[in-house]
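One chain, subunit A, links the two complexes that follow: it is found with subunit B in the first and with subunit C in the second.
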Partner chain A sequence: MTMTGQRPGRAKQGPANRPALSHRLAERGIDKLLLLLLPALLFALVLFVYPFVYGLGLSFQPKTGGLFGAYVKFFTDPSVRGLDSIWVTLQLALPAALLNVLVSVPLAYKMRGKFRGKRALTTVLVIPITLGTVLTAEGLLNFFGQRGWLNRFLGVLGFEPLQLVQNYWGVLWSLIISGFPFAFLLILSYLSGIDPSLEAAARTLGADWKQRFRRITLPLLAPGLAITFCLTFVLAFSVFPSAILVGDPSGSTRVIAYVAYNAWGQQFDYPLASAAAIVMGAVELIVIVLVLIWRSRMYKGSTGGKG
Partner chain B sequence: MSLALKPKSDAAPQGTKRALAATPGTFLIWGSMAVFLLLLLGVVSSVVVNSFAKEWFDTWLPAGYTPAWYADAWKEYDLGQVVGTTLTVAVAVVGISVLIGAPASYVLARRSFPGKNILMLVFLLPIMMPPITYGIPLATLLTYYHLAPGLTGVILANLVPSIPFVILTMTPFIEQINPSIESAARMCGANMLRLFTKILAPLLVPGILAAAVLVLVRTVGMFELTFLTSDSTSDTLVVALFTAMTGAGIRAQQSVDAMAVVYMLMMMVLLVVALRFVNPTQLVSQVREETD
Partner chain C sequence: MSIHATSFETLELENVARSFGGQNALRNLNLSIRSGEFIALLGPSGCGKSTALNCLAGLLPLTGGRILMDGKQIDRLPPEKRGFGMVFQNYALFPHLSVEKNIAFGLEMRKVPKAEIKKRVAEAIELVQLGPHATKLPGQMSGGQQQRVAIARAVVLRPPLVLMDEPLSNLDAKLRLEMRTEIRRLHQSLGLTTLYVTHDQEEALSLADRLVVLRLGEVQQVGTPQDLHEHPVNWHVADFMGYRNLLEGVVERAHGEAVTVSVLGTTVTGSAQVPLRAGDAVKVGLRPEDFDIAPAGTAPAGLASIDATVEVVEYQGREFAVEVRSDAGKPLHVRTARHVEPGQRVTLTATQDRVLVFPAELASAPDRAPQLQGAAL
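For the complex of A and B:
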């Protein structure tokens, strides 16, 4: 047992003189307390890691087409149209996430101080997050529909009624309604976490609000901004019920989640469904990794060693 | 441009509440916020109004009002059972995930050990992944073991994102507790169990409540995982609502809307309870204060 990197005084001692194994492990932070992690770890392994590995394995065992048959079917089969569905999903999720974050930043920047009714406003904004996409979809169908209040109002103003549901726009709106408050509240809390004295100092040095925002707030906000974008993107990317309810699931909003569910619940093609789910996870992770890389390149060093 | 005449508000002393000054920028900001809130109001109230409507065709408001759709929806969709299932699932998920998540978050907040980063990644992934991605393999597996479709499957599937969520929510609360309190208890001879029940649990009540309430809201609102693992006897309210909406044409739109209002009311009650314990803008700043 000649291990390198042992602490002086312990090397080349006989087994009898060595401290007990539990003692040596405890020095590295492993002791009985870690047993408390076991139930959570067990659950994660049984209910998350194992199904995921199982799904991965299943996706390589299609009934026909060899090892990559399910993936080939996903990308090339005209009845599956997997590649299209990836684009459809990205075309919904990226604009929705970008819009939610970009609109939230100036709003939250303006509202980061204390003012009357802030608590009430944040409360109202939590409502759409809690309502969820199914209820939002029901409301959108009523409100944006052909005879809904919005089109009625447009009619009074002399405009043609707009087709806002059962297409791309309906789904985008539902993503904004549930995603914007989420992004806004997250960014607001990140902004409130930035020490106001930093900006006050910049102000005494004569920086106007543009400079203060660009040089002080934005670099400090960047990590929070990246995380908010990622979380909003995940929400938008997993769009499923609203794509069916207010969208056009056979055409312009045929999102990847719908393709995966369709293969699973309608055609009972489990390898294909697993392949679609794996592709979905992979595409999402790629976008998230790109965002995180962008943020580490963009603001490296400029935060002054903080964060 | 009389709006821009007021002095800039940034100079107001910190800590005092004040109205936002009406500069054009502020005006624009409040304008866009108002448009959003108006949209939200329209979406919510059109559901509520329609659920009480006798008939509503080509007019601004319905011709007459009736509460009959609620009785209709209650009977038609068996809402008593659906609400019961929803509460059963939610309470079970909250209870189990807090019991399992709280000890784990204690260890993660207090200790560093080899492989901690990998462990954190395993706990983070279910939150970062779209539910459909892991829900489909999970549902396939649960069906294979005859746990789904059914109540057990729904609870098990909902635990997957809930346990990590409890861990993430509670970790900052545990970090706020001074470790010397625990050391003192240890010196007085408390074992791990007593330390948890006598020292940590009372101090952690706000953290446990915050985590529990957030998991409750998430579970009641969770569509995808429940949808994949439930059958007609174990549908939660949101899944029943979706099923009723996709099966449209057979039933009156108003009774679907009545069910939507029941769901909305349930969420509102949960939300009011939640906001008593959690301030949405403080969740992140608490973490920041701790890490700084």
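For the complex of A and C:
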């Protein structure tokens, strides 16, 4: 073989024939296709980054109390009771997210294969996604309310009516109903991503279904569970409409979003409202980081058969 | 050595069948596997090989027939109770477990004591020569190494039967040859009984003691590699056994086994594989290496001959693979040590016993089933 051309490695060093700019950019993964990202970037900038930075700035400009005045007020002012609202929200969002994940896992596990009526069942399970929080709240009131079906039925049987809405349980229910479809669909898709021949292999090696689930499926699913938990948690943590409609916004379901709304719409204290929103984001971030730290200790490579 | 196959006398498959929504993927599979045998299940893609293997492993319930191990029916047992070792086409290694843990998995499921697990895993790793990789994850290893792990994971349990589903099809050509030898070596040294699925006739011929050729879910022939290679029962098996030239023709005269067939505008005398009569539509099967190729006009008289023109000559080590086009326009494959040039006029001849004549129609299953059962036992 004869070689007349220069080796590519050499060509790079000689300034006379450096590769074209487009080639050097392509080497770093930059090409014209990236321009397609521009609209999305613009969108994110206008709708997300700008309001966030603006809100952050606002939260450090209270009328009184200096740079951190709004935050001090949020945490210490007895009329705001910010710390309480964080606890209230966490007490709603954590169990709701956890329960949604825990209920979805066995359901999705049972439904990962093909079977008759799978589509119909999936549809029923996912319908709450299309409902939206207000409709869900209305349904809950109709069913669980003072004069709802359940209590009327209990009344006929001679029982005392149960207080299931306008309190903590009403909001928790609504969070579970609206969060479940997300958790279920996500986990179902994570499960479908696990090569079924892994379970078949485990079977031929003598593992019963419990062992297969614990030793194979669960470890491979864990990273997906972490992500699902984070997403449903964030959804639940920003609970607002249902806290008012089926909850007790002045007491047991006085969630952080409600505090922010109150500061903004009732007291016209924009810095305080911004501070509440920033604290809300910070708490979400802390929970997500904790979950991701747990996840980083797990295997998280491919879940296909080739490893 | 402590890895030794637990054993059975015979494993009988009786009319094993599996259909998917009315579609038969496997019909009337009759096979008797003796302990220590290496059996290859051979057939084109989609012919039901994996289905047969999964039925045997218990991963697919049967829709007909029975499986008996030493007279005991086992086809209702779930796979985890059958205890057959299985090697999957895509290896199916647990990606989150190290090589050691993958191999130990089956032993742990069987509640083997820790110390013994350790010993047997080390031995299995030694056996497949993966010593330096014991603590790696499967994803950090090459395809060939992964397949070794998969094999070690299956044989460490000393299974009475090892099932392999095209275990080499994802490897490159050189590695395939190496692993083939490796599999045969393990089979012999561990005293395994192996059922091996492949679509590669060369692999099947070189590995197996007996071959089972499948087509559209039906067994075509069961026999030793030599049986099948020399005496395929129909043109489909012949096709798989390297009879690359399958020519359509019509019987002109038949005298017992010797039949004269008009094919490619000439007549060829061959041996009928089943009784044939004049006028029958047939397929004539010829292996590339059974042709004699000679420059036109120099062929010995008396033998059936086909005139042709050389088109492509490929050098393949000690021989040439030659593609010629017959004067009737049909391409033919020839292997020869004789040097010919593209464009050269040649005459092809073949002796009568290497020209196999089959009926063009493939017989349907029912009338062949008893005969096959006989062949299997």
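The working rule: the second predicted complex is superposed on the first by the 262 of 307 C-alpha atoms of A that agree within 3 Å, B and C clash if a C-alpha of one lies under 4 Å from a C-alpha of the other, contacts with A are read in each partner's own complex, and residues count from 1 in each chain.
Here, contacts are C-beta pairs under 8 Å (C-beta built on N, C-alpha and C of every residue); 3 or more make two chains touch, one makes a residue touch a chain.
Computed from a prediction, not measured in an experiment: that's the story for all the values here.
Where does A:Arg18 make contact in the superposed view: on subunit B (first), on subunit C (second), on both, or on neither?
Touch partners of A:Arg18: none, neither subunit B nor subunit C.
So in the superposed three-chain picture, is A:Leu205 touching just subunit B, just subunit C, both, or none of them (first/second/both/neither)?
After superposing on A, A:Leu205 lies in contact with subunit C but is clear of subunit B.
Tell me the contact category for A:Arg214 with respect to subunit B and subunit C: first, second, both or neither.
Neither partner.
Counting residues of subunit A touched by each partner, does subunit B or subunit C come out ahead?
Larger number of subunit A residues touched: B.
Which residues form the common part of the subunit A surface touched by subunit B and by subunit C?
Subunit A residues touching both partners: none found.
Using the touch definition up top, name the residues of subunit A that touch subunit B in the complex.
Its residues touching subunit B are 28-30, 33-34, 36-37, 39-41, 43-45, 47-52, 54-56, 58, 103, 106-107, 110-111, 113-116, 121-128, 130-140, 142-143, 147-150, 152, 177, 180, 185-186, 188-190, 192-193, 196, 209, 224, 230, 234, 237-238, 240-241, 244-245, 257, 260-261, 264-265, 270, 273-274, 276-278, 280-281, 284, 288.
What part of subunit B is in contact with subunit A in the complex they form?
10, 12, 14-20, 25-26, 29, 32-33, 36-37, 39-40, 42-44, 46-47, 50, 57-58, 60, 99-101, 103-104, 106-108, 110-114, 119, 122-123, 125-126, 128-141, 156-157, 159-160, 163-164, 167, 192, 217, 221, 223-224, 227-228, 238, 241-242, 245-246, 256-257, 260, 263-264, 267-268, 270-271, 274-275, 279-285, 288-289
State the interface residues of subunit C toward subunit A in the complex, per the touch definition above.
Residues of subunit C touching subunit A: 57-59, 78-80, 82-86, 88, 90-96, 105-106, 109-110, 137-139, 141, 143, 146, 153-154, 157, 163.
Spell out the part of subunit A that touches subunit C in their complex, as residue ranges.
The contact residues of subunit A facing subunit C are 195, 197-198, 200-208, 211, 215-216, 219-220, 298-299, 301-307.
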